[in-house]
């Protein structure tokens, strides 16, 4: 059972920072909220990648954020089975002219595949944004496919 | 009937600004186009949040935009029943270093929950972008879950 | 058969630039990775729209990117039938104050409708971002609806 093994390896589901819920399941999909690199509720990596934050640190931040997102997804499964990650969106708080979004996003993708194996191989979009909530350096959103239990 | 009450409270479905449609239903999902704060077709809030537009005004703008998005979603239901909002994406036209995306996006989330109650409690992602179509200060996209009629 | 005619008109499915897959099918949806304007693997349009890249060139770039995305979607159909495009996300590498996202995104929408006819009329979101992978001027993501074969 994928979900059972998983829950031991994941952080607790993140507490929402505003008027939203961490994840919603509808039919055969689960979509998470945007998740930032928080541990015990506190941001671990703030600032702009390529200026305040190195690409290597941003990779670590993306890995933390995606584990939070996966934890949120698992928290709404209610007996359904996580089949695979369908899409991973990675928003990088990046300076103009930054080009290494792929390297940052690979931090999240590698973590997903550590946690889920082949089921973590997702389509992915990475873009650079001006700013993120609370000054986070990266934010991720997961869309997961589920099968009924 | 959720959809019947709703239609009285919503603005008319927005007219597309380009070569797209306001919303598409496929299976048990409806996904809207990106919606800006327009009333009778005209943008109500232009500029960058944190510079030209206050956080409070941006909250109002987000509420207007999300009502347009919900109207677009309802316009393609064709007898299907809106079950809940699955995901709300909020793009904030924001200065570098802006951190209050959550406060802006809460304007949209609060409006959704006024209109839909618990069905409006969605997963949500908010990010800061450099610019938006027509100079809008905020843009939202809704993904909704529907059940066959 | 939509898919048969299509495959002759599309470029080969793009090779991923990092730890992700070009598209995933789950249930009645296919979601692609973010696709940039690449021909034979090389970016054709780099830089910021409104500064380094004209709106007209960015429209062409968006058309190239969306053909790559559609090729990725088609490559995972495995006998399922592409019914329509549900959503087209267009990220424009744009200067502050840029307002012509709609004109750029229309380049992608027009190409989709050339390739798919009415099935290419999608909901669409266009936003301006600070930077994109490899310095691309535009990136697109497609969500498509499929029916079982």
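Labels A, B and C are assigned to the chains in the order they are written; within every chain, residues are numbered from 1.
Here is the rule we use: a contact is a pair of C-beta atoms (placed from the backbone, for glycine too) under 8 Å apart; a residue touches a chain by one contact, two chains touch by 3 or more.
Computed from a predicted structure; not experimentally measured.
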Original post:
At the place where copies subunit A and subunit B touch, is the share of residue numbers found on both sides over half (same) or under half (different)?
Top reply: different
Original post:
Superposing the C-alpha atoms of subunit A on subunit C takes a rotation of how many degrees, nearest 5?
Top reply: 120
Subject >> Gap in Å, rounded to a whole number, between the CA centres of subunit B and subunit A >> reply: 23
**OP:** Please list all residues of subunit C that touch 2 or more other chains.
**Re:** 27, 29, 129-130
**OP:** Write out the stretch or stretches of subunit C touching subunit A in their complex.
**Re:** 17-24, 26-27, 29, 31-34, 48, 72, 89, 91, 129-135, 139, 141
**OP:** Could you pull out which subunit C residues touch subunit B in their complex?
**Re:** 27-29, 83-88, 92, 94-103, 105-106, 109-110, 113, 121-130, 143, 145
